[in-house]
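Okay, so chain A shows up in both of these, paired with chain B first and chain C after.
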Partner chain A sequence: MRRRSSQGLGERLAPYVLLAPFLFTLIVFFGYAFVRVFYFSFTDYDLFATPKWVGLKNYLNIFRDIDFTLAMKHSLTFMLVVTTAQTVLALVLALVLNQRIRGINFFRAAYYMPSVTSSVVITLIFIWFFQRRGVMNFLISKFQEYRGIVGLFLLLAAALQLSLVGWEKLRRRPVSLFEPSFLFLSLLLSFIVVFSAVRFGLLTPREVAPVDIIWFNTTKKWPNFLGSLAFPVPLGAIMLFNIWTTAPTFMLLYLAGLQDIPRELYEAAAVDGAERWHMIRYIVIPQLKPITFLVVTMGLIGTLQMFDQVAILGGQAPRQSTITLAYYIYSNIFPSSATPRVGMASAAAMFLAILTSVIVYIQRKVLGEEGDHA
Partner chain B sequence: MKRLSLALLVVFLAASVAGAQHIRIGGFGGNDTIIVEEMIELFVRPALEGTGITVQYEPVADDFQRYIINALSAGTAPDLFYMDVLWAGSLIQSGVVEPLNAYLEKSTVLKPEDIIPSLLDAFTVDGTIYGIPKDFNTLAVFYNKDLFDYAGVEYPNNEDTWDTFYAKLEQVAAIDPDIYGLALQPEFARFGALAFAAGFTPFNAEGKSDLSDPAFVEAIKWYTGMAETGVGVMPQDISQGWGGGALASEQVAVALEGAWIIGALKSDAPNLQYGACLMPKHPGTGQRGNFVYTVAWGMNAASAHKEAAFQVLEILTSPEVQQWVLERGLAIPSREALADNPYFQQDDPEAQANYVVFLGASDGNVLPFSFGSYGGDWTGPIDQALSAVMSKQATVEEALQEAQQRLDAVMGR
Partner chain C sequence: MPSLQRRRWANVAAIYCFLLLFSVAFMGPFVFALLSSLKDNPTGWPPSLVVNQLKPSNWAAAYRLAKEGGGSGLMGGLGPGGQISFEITYYTQAGQEPAPPEVVIPRRVIGGAAQALRVEHWASDYVQVVDLQEVGREPLEDGLLTTYRFTLVNTAPVTLGEVPMDLTVPMRQQFVSATLAPNRIERLGRTQSWNNVSAGLLPYVFANYARVFRENYSVSTGKQLFTLWIRNSLFLAAVRVLTTLLFASMAGYALARLRFPGRTGIFAFMLFSMMIPGQVTFISNYLVLRDGIFGLSKLFGVSTLLNTYSGLIISGLVGASSVFIMKQFFERLPASLEESARIDGASTYTIFWRIMFPLARPALGALTILTFQSVWNEFFWPLVVITSPADKYPLTIGLLNLQRAYGAATFDWGPILAGTFISALPVLVLFIVFQQYFVEGISFTGTKG
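What follows is the complex of A and B.
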């Protein structure tokens, strides 16, 4: 009897013992920190003097701060644009990489590269790319110089391809529009023609002034027709970049999800005469709903907390063009050469936590219920 | 028995602590690591032999201010640390920096009178001294002699006003579209010296910052106008991070920088023939303007070995060490007695540049590079305005209006 009860106790304790290491870090680094931040958000505290209780003053102050309203607007725009784009891109990438073609593992690894590389290093390289006299502007200038020639080359190749295919069709032979051997032939011929035209001076690149787009050091907004909803260009640059680095991780989740879809479903659909697009619309997307839920949730949380790329971009772009909520919190705790404003930062952090929970809750309601109906 | 051995252990530990006092010094990484390590090896260790005091330098590679705030708050800060005049005020206000008056009164080596008064004042609050300036810097006109020779233009000199200075830059810039007269850093840290010359002060009599002050507007128009005419260029636009880099690239004839540029030129452009002169005078006021950038040694108020730390501080600011720092061309030391130093009279571009920087601190409208408790938040809006105007995204009026709004927000916080 005694033995059994002690065994029962041990069994009941086992999960907690196994959970203990994780619970310990969770309580110390998240639970305790959260409670402290919650307390600090009601105080005036500079990291040195004893915190002074000020009630709700910090919460009122952050809403009066133009930087905070800007940061909130930026974070929400960033969340909407990046989450949508990265989810769609991840799904498309996963569909492309879920095929049986030669060397697929190489492509999977290559596409995953942006996600495994250190975000700090990539951001630095990205900053060099977008300098006023950087690679990006150089490439755009080159493109503008040569776009006539490149356009001619492509047009010629397309015309050749069409005539070759047309000729075969006239002779009633089955041929696809992108017949590889014809494609090779037309590209080669077109290249030889255009190259020799340039070589003998019949075609010359256009004279254009070097492109001088300011990517970071600008307060310009885009797109203009959105009026006050437009976002600053530097934030747009960060968005592009963030989509590129985060989509591959989600692609991996989608890939795993795709492999779980039973083959029979496709076969049954094929028997019913479904096209590829129908399969995606009626099999893949509904089957991937749980994965989409996970991807969107992680995307929302990740984008709302976006910090590192803004921090590294730092002085390269004006503060009001890149500031996000997470960066606002940081810049209040460590303001440049001034006294820390821990109270304000804590209030903003609490606000961000609540905002994140509310958004994820709404998302769960919307996506979760739709999922049940499907 | 157990209790006895425990007591013995405690006694032993206490004795060993009293015998060996370990002083930690916190400062910048990079060049400072080599300099301070060498300084400690050459001067501090020999002087402390037999006292049982050991010294260790702890360089911080990234954002020193953030580090020291964290460390002081957490109680892990070094005993002695660098304090930049820009943010020293907020640390002193927080009460974590030890007042040094009592130590200075007892000291036979280090007296407040020995230190250049304007520097010491920057670290003195209501008569209490919180930091001993270790060195300082001001801005000077650094110019590329070859470019001026090539253009056949007289070098800039101490008699230049904005007008004559501009005329010279214009002629040099005319050599080639890719050659510019002045490196125009979009920062108050450079431009501000010119605004001071015109008569601008960061805080007026009511303690407000007024960017519509005619002196400020005149200065910003003159400065940013050079970007428009191509007489000057922002270093960023020729892929350089700062004025020193621009000067080293030999695409720009003049940079307004401090003595810190000397070391950079030595390593990046060893063959560059350069000279230095005082900042140009404003034609109306007849004054020059300048910033004093200075870093002091501060003592941790929570240090366990304050007496020993002060002993180390005495050595670090001693005449011998300062002479060594000066001769190495590292910085301009803070002791007043060094003004007549034979080093300054040498016929050597480095020594002469250092002398110009030394003179800059006491000629015209000179203010420390510090903005009350606002710190870098105060200069941020102005930096953005400069950058917006010079990259042609806003007119001076638009940019100033925006900057004034942001500045009011910073100061009203």
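What follows is the complex of A and C.
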């Protein structure tokens, strides 16, 4: 009997024993930490002296701190732009890639490559890419030189396409404006024409001085017409490469989702004579809603904690052009000069935590909760 | 009339065009950076796809020159008494008399003054230039090509590792070609400069890669920092993979298959923790490590866990997302598996260890890869915990250090890019070999609900 009851106790404790290491990290490095930071946010702690209670002073102070308001603005802009762009890009990529054609695995792997390497690696490559005499400026220079020619090429292609479609319509055949075989033909023909014109000197690229955009060491803002909503150029560069690295990951999620859509749905729609765009609009996108929900949530959480890129850029970009909430917190704990302002950093940290929760909550309300299939 | 056949064909062509376009967008910067990491000057203008270090003619020359000088063709070196014969061709306009180049073996080493301490025997003290003579003239329509040959002789009793060389000619005499392409052309084209004419094949091609290892050594121990950083990252990744595999499957199993008070609470708390950025809680975590986890570490005679791997390992025993992945996995296993064992009176521990853990192999595979990747790429937390000495840095922090070292005055991008690719290599190899696991990993977290 004794043995049985002791075994019973062991059995009852078993879940907690199995959970013990995880609970240890969860409680000490998350739960306790969260409560402690909450407490610090009401004190004047500086890492060394005993903390003194100061009430709501820190919360008032951070909103008076110009760095904090900048950081908040940057984080929110970054979140909105990057989440939107990467979600749309991921969806478009997935729709294109969701085909049964040869070699698709290679392309999937290639697209996923930027997402598996570390932020340090990617950021360093991008700093190099965006140097004053770097590849980005070179590409922009080339684009400016060939702007006219590219424009001509597109115009010619459009004209060809229109006339081909018009001709087909005249003969009373059903044809869409973007008929792929025509599109291919028009693009190819117009490319041949323009290319040979350039080759034989009939068209010459414009003379343009090399573009000399300073991407990092600048306080300039872009785009101008947005007024006070414009974001600093260095932040814009970070946005570009953040979208570049995360979009492929989310594309893979969308691809998995696309393959789960039952074929009957497409077939039924095809029988009803639905056009491709309508299929995407009314079948694919609604079916992908749970994935979109996940992708947007992960995007929001990820973008709000953007830190690495700012830290790696470090002194190469002015602080007021790149600072984000996460970096604001870090730099108040480890300032290059002056004493650490743990109180203010903690207040900012609580603000970041609350902001994240609120945004994720709003997102759930807007996109609708999809968690009930658990 | 667009037949169905033609339509299909055009569709496929269009899709391939798209695929290629996207590949250039996603892979392009990578591939170009990889090419540039071999270049002498990765920020040359205009950026070019031509890389001297990738031309077979230069490979052959680098190999042959080192071999000829009595060193190893692959690894280089100019042996005692070794001789290298070198040819160079110039172009002069009609009416201009070509002049032989002035050959100088400069007292120079790649990487600046700090590297000079490393050199025991300077090539400039020992290498002599002999037999400089004109060996051929080829008239062109508007000018003349003249080829000169000379021999470098090593009079030192030792093998010289680096033999830099500068050739200077009068104005308007243009460099055309040489036995080995020069690393730089300076002074408006008058001076052609080589870093090391007896480099050998590998040091010639991977010059920037060699620099990363050679030029960064620890102040205290004199060891190569980059090797240490790789080792540190490997060690940390290995330990974290082990703890994560064990603890995440324990916790995941408990959350998925056992019913006990507090289960939903723990799970909700876990989800909440996954949402909150690490930058919120790191303030306290930093202090917890500084004080040795409430002073517990003093029991082991350690007063602080900052700048220790124990600190990094203990604070990262197991992450919530790993537990999440394992929970998802265990939930999908059929209940019958453990029911019969339970009827036989097996304890929870036995069931977990004997039945469930071995069954989890596929998920553990994915978790291994994902954990390795995340530890290898981790940046923020190590940046906070490990600040000094540089010997202890993991690779990511080391790279940041490298960027500062080579970016102090003007950016010396060669070694920075080289270091970047060395550090990306393990994860890229893992990715190529275990691609399936990466995809599975995302879909595991992807079926969150």
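Note that the second predicted complex is superposed on the first by the 281 of 374 C-alpha atoms of A that agree within 3 Å, B and C clash if a C-alpha of one lies under 4 Å from a C-alpha of the other, contacts with A are read in each partner's own complex, and residues count from 1 in each chain.
Keep this in mind: contacts are C-beta pairs under 8 Å (C-beta built on N, C-alpha and C of every residue); 3 or more make two chains touch, one makes a residue touch a chain.
Computed from a prediction, not measured in an experiment: that's the story for all the values here.
Novice: Pick one for A:S346: touches chain B only (first), chain C only (second), both, or neither.
Specialist: Second partner only.
Novice: Once the shared chain is lined up, is A:V284 touching chain B (first), chain C (second), both, or neither of them?
Specialist: After superposing on A, A:V284 lies clear of both chain B and chain C.
Novice: Counting only touches as set out at the top, which of chain B and chain C does A:R36 meet: first, second, both, neither?
Specialist: Once the two structures are laid over each other on A, A:R36 reaches chain C alone.
Novice: After superposition on the shared chain, which partner residues are touched by A:L252: those of chain B (first), chain C (second), both, or neither?
Specialist: After superposition on chain A, A:L252 lies in contact with chain C alone.
Novice: If we overlay the two complexes on their shared chain A, which of chain B and chain C does A:I214 touch? Say first, second, both or neither.
Specialist: first
Novice: Tell me the contact category for A:D65 with respect to chain B and chain C: first, second, both or neither.
Specialist: A:D65 contacts chain B only, not chain C.
Novice: Have a look at where A:Q131 lands relative to chain B and chain C in the superposition and call it first, second, both or neither.
Specialist: both
Novice: Is A:P335 touching the first partner chain B, the second partner chain C, both, or neither of them?
Specialist: first
Novice: Check the residue A:F48 against both partner chains and state whether it touches chain B (first), chain C (second), both, or neither.
Specialist: first
Novice: Between chain B and chain C, pick out the one touching the greater number of residues of chain A.
Specialist: The larger set of chain A residues in touch belongs to C.
Novice: Residues on chain A in contact with chain B in one complex and with chain C in the other?
Specialist: Shared contact residues on chain A: 47, 131, 133, 334.
Novice: Considering only the defined contacts, which chain A positions touch chain B in the complex?
Specialist: The touching residues are 46-49, 61, 65-67, 131-133, 214, 217-220, 318-320, 334-341.
Novice: Could you please specify the touching residues of chain A with respect to chain C in the complex?
Specialist: 7, 10-12, 14-19, 21-26, 28-34, 36-37, 40, 47, 93, 96-97, 99, 101, 104, 107, 109-114, 116-121, 124-129, 131, 133-135, 138, 168, 173, 175, 179-185, 210, 244, 248-249, 252-253, 256, 290-291, 294, 301, 304-305, 307-308, 311-312, 314, 316, 325-326, 329-330, 333-334, 342, 345-346, 349-350, 352-353, 356-357, 360, 370-374
Novice: Which residues of chain C touch chain A in the complex?
Specialist: Of all residues in chain C, those touching chain A are 1-2, 6-7, 9-16, 18-19, 22-23, 25-27, 29-30, 32-33, 36, 42-47, 243, 246-248, 250-251, 253-255, 258, 260, 263, 266, 269-270, 273, 275-288, 293, 315-320, 323, 347-349, 352, 373, 376-380, 383-384, 396, 399-400, 403-404, 407, 411, 413, 416-417, 420-421, 423-424, 427-428, 431-432, 435, 438-439, 442-443, 446, 448-449.
Novice: Quick one: which bits of chain B touch chain A in the complex? Just the residue numbers, please.
Specialist: Interface residues on chain B, with respect to chain A: 63, 65-66, 69-70, 72-73, 84, 86-87, 90, 93-96, 236-239, 373-377, 380, 384, 387-388, 391, 393-394, 406, 409, 413.
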